[in-house]
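One structure below.
Labels for the chains are A, B and C, by order of writing; each one numbers its residues from 1.
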């Protein structure tokens, strides 16, 4: 420290005040519902504003770096809008509280990072089996365990899919820019309401903390989906109505429906069952809800893939490195493209299969010891399909465009 | 509330759906359920406004049998789910049914923090001193030296006084009775549901099939008699010599005081913050 | 304009992230694209600290500065660590209050005791970041000075605006008089 203690203290206080001010400026922009202008915004801020614009009215969370800004902003903003913010005693309580609130009718969200995400897994499974809408934002950091709390990693890709015990399909979205943080938060809340499940939004630490120039869409262009409410009288209500294409209406506590919700395997009314047929039906229902709606759920970005010989497959912040690498490689005449999943679960099988048939090599840069790559390899059945090569790093640093360019040159 | 006929209980049960129940013959959970229902009935509450939330364990199976809004959650987490419901819809009466293991072992953290916040939940903790559903493992309230399948040589740990724990954490209403004293259970449920704040009712109960057999406590009837004989009302404590109080279950309202309730406090915060906006 | 990459480096408490935000917001006011990242760790309470700002009129893909068009180093440690990633024609600005040795002389090197100047002219080291930022912006002209002033007003607390505008103007002045 170059300066005296006193100076440091003043600076810290000033920094704190600046933070509040900084949020206010972006907030003014949010409050103008139309003709929004370019602003400087942080990824975690964009998540918070996306949540508010999507109608989130309940947040329960526990502080954890690098997601804390989301809780801080919503603590200030939700009361202004009559919504609920509560800091719970831990992450387990947080996921439980948002699920309970959702059953009472709330649009509920929590935000956390690796260690907290691990703690939430049982509760995520409960939200899935009880088909209760909620959203968990996981701003990933380096793990396992405490790892590097302020450095980026993409180590939770498989946990987001398989973290909870038992078979439970997942909807997991993955933005790569501050603007997409906003858009995909809205989409996550919309999908949770539509599909009645716990939707996970994965962020990278870098994205959560990064600031970018961004122009949010005007509110009239923001599509908000609300859960379907039952129209039948209470005695006809089925909490899990198998006749509704797996997207059944949802009553809330206190509306006269008096339904039962349990984490036990249950029948269509929600009562526990040990019957093999009813148990199988419930499991199929959870699976089909996702697999029958792949086209609605999967979003991908295809970036200069048309004539590419080499394809990169990357998500989140690694896709930003990949896009930079594509630009440099293209300027040198190398035909490289990028396929980027905005939805990582369900996995974009169809787009990946198509890519595998058209390119010679696929490079998968990811900030882990190899997770997405196995999904690509799973889809590489034909020997004529392309080679699949990993580019992995877990040291708290991003994969740079040059790292990817070196790999491209290796495989050329 | 004096004479509620028995058949009232039936009006509140989902008897056409989920019976027979899972409880063993001689279990006191049914007795407690009856008292809870009679308490609710005596208040003439709209059952659409009642949410019964539970965790995992024998007592936590209770919600499935009753015709309220019901939520059977994860082991230990009932209070956390209930907090979400109550805070989003404060007009609902939220009752938590839990047990000694569910609420004070795995769920201890949620218990103390809900008590600290003084959120208006009615927690009815049925304490049978053992993990019954999993077959007799020791719980935080298994008496010292009692046998449990995971304490085959006798429990070497001291046990919790749950009411003291709740009071220490700031609960504004705390009472204790036993499954034998059903009229008291009923009265305490009424007190709990009309108390504006966090309320914990500890109901000492019996588990004749697991705890009773392991510890040679006699049959269900004997264990019920023991609840009667081994408990004394709080009002009698001062009048009895210390040796007659030693080791007894003290029944009665241990604390009932009005403290700011969390949902009210939050509503005040919302009003304050929204007025701040208008002042600008 | 291609990506213009700036790294502001020094130690925690020197206000580098704040300076980065002010610079980035000025770029937004100028209708430019911008990303701003930082090293974010326990070291932001002492230890080394850095803020990166990339400004462009095109989409910015990789958000971390790699080859700096401009490097500001307020400590010796930061200078030693990042100097070799400065581009050939890049601008190096160092605070000679703490940077005593330059391992390599960049073509465009500017050396001033910013911290000493802050204490002497404005009574406290707290404004070092903004003096240095003003100095930098007048030299590299990557954002307009009007936008910088506006950004500063939008970003710092009202009570600190006047002091910071003074600091910015002092930075401009120092740039004009540099080497004279």
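Quick note on the criterion: a residue touches a chain if its C-beta (ideal position, glycine included) is under 8 Å from a C-beta of that chain, and two chains touch if they have at least 3 such contacts.
Treat the numbers as computed from the prediction; the structure is a model and nothing was measured.
> Farthest chain from chain A, going by mean C-alpha coordinates, please.
Relative to chain A, the chain with the farthest C-alpha centre is B.
> Of all the chains shown, whose C-alpha centre falls nearest the centre of every protein C-alpha atom combined?
A
> State, to the nearest whole Å, the distance from the C-alpha centre of chain B to the C-alpha centre of chain C.
61
> In whole angstrom, how far does the Cα centroid of chain A sit from the Cα centroid of chain B?
Roughly 38 Å separates the two chain centres.
> In chain B, which residues are in touch with two or more of the other chains?
Within chain B, no residue touches at least two other chains.
> Sort out for me which residues of chain A touch chain B in the complex.
Where chain A meets chain B, its residues are 57-58, 60, 79-80, 82, 84, 86, 88-90, 92-94, 96-106, 108, 122-123, 126, 253-264, 269, 271-272.
> Which stretch or stretches of chain B touch chain A in the complex?
These residues of chain B touch chain A: 14, 17-18, 47-49, 51, 53, 63-64, 67-74, 77, 80-85, 87-89, 91-92, 109-110, 112-113, 266, 269-270, 273-274, 277.
> Would you mind writing out the residues of chain C in touch with chain A in their complex?
By the definition above, chain C touches chain A via 10-15, 17-18, 21, 24-25, 27-28, 31-38, 40-42, 45-46, 60-64, 66, 74-75, 97-98, 115, 124-126, 154-157, 160.
> Where on chain A is chain C touching in the complex?
Those in contact with chain C are residues 1-3, 7-8, 10-12, 14-15, 17-18, 20-22, 25, 38-40, 66, 150-151, 205-206, 209-213, 317, 320-321, 323-324, 327, 398, 400-402.
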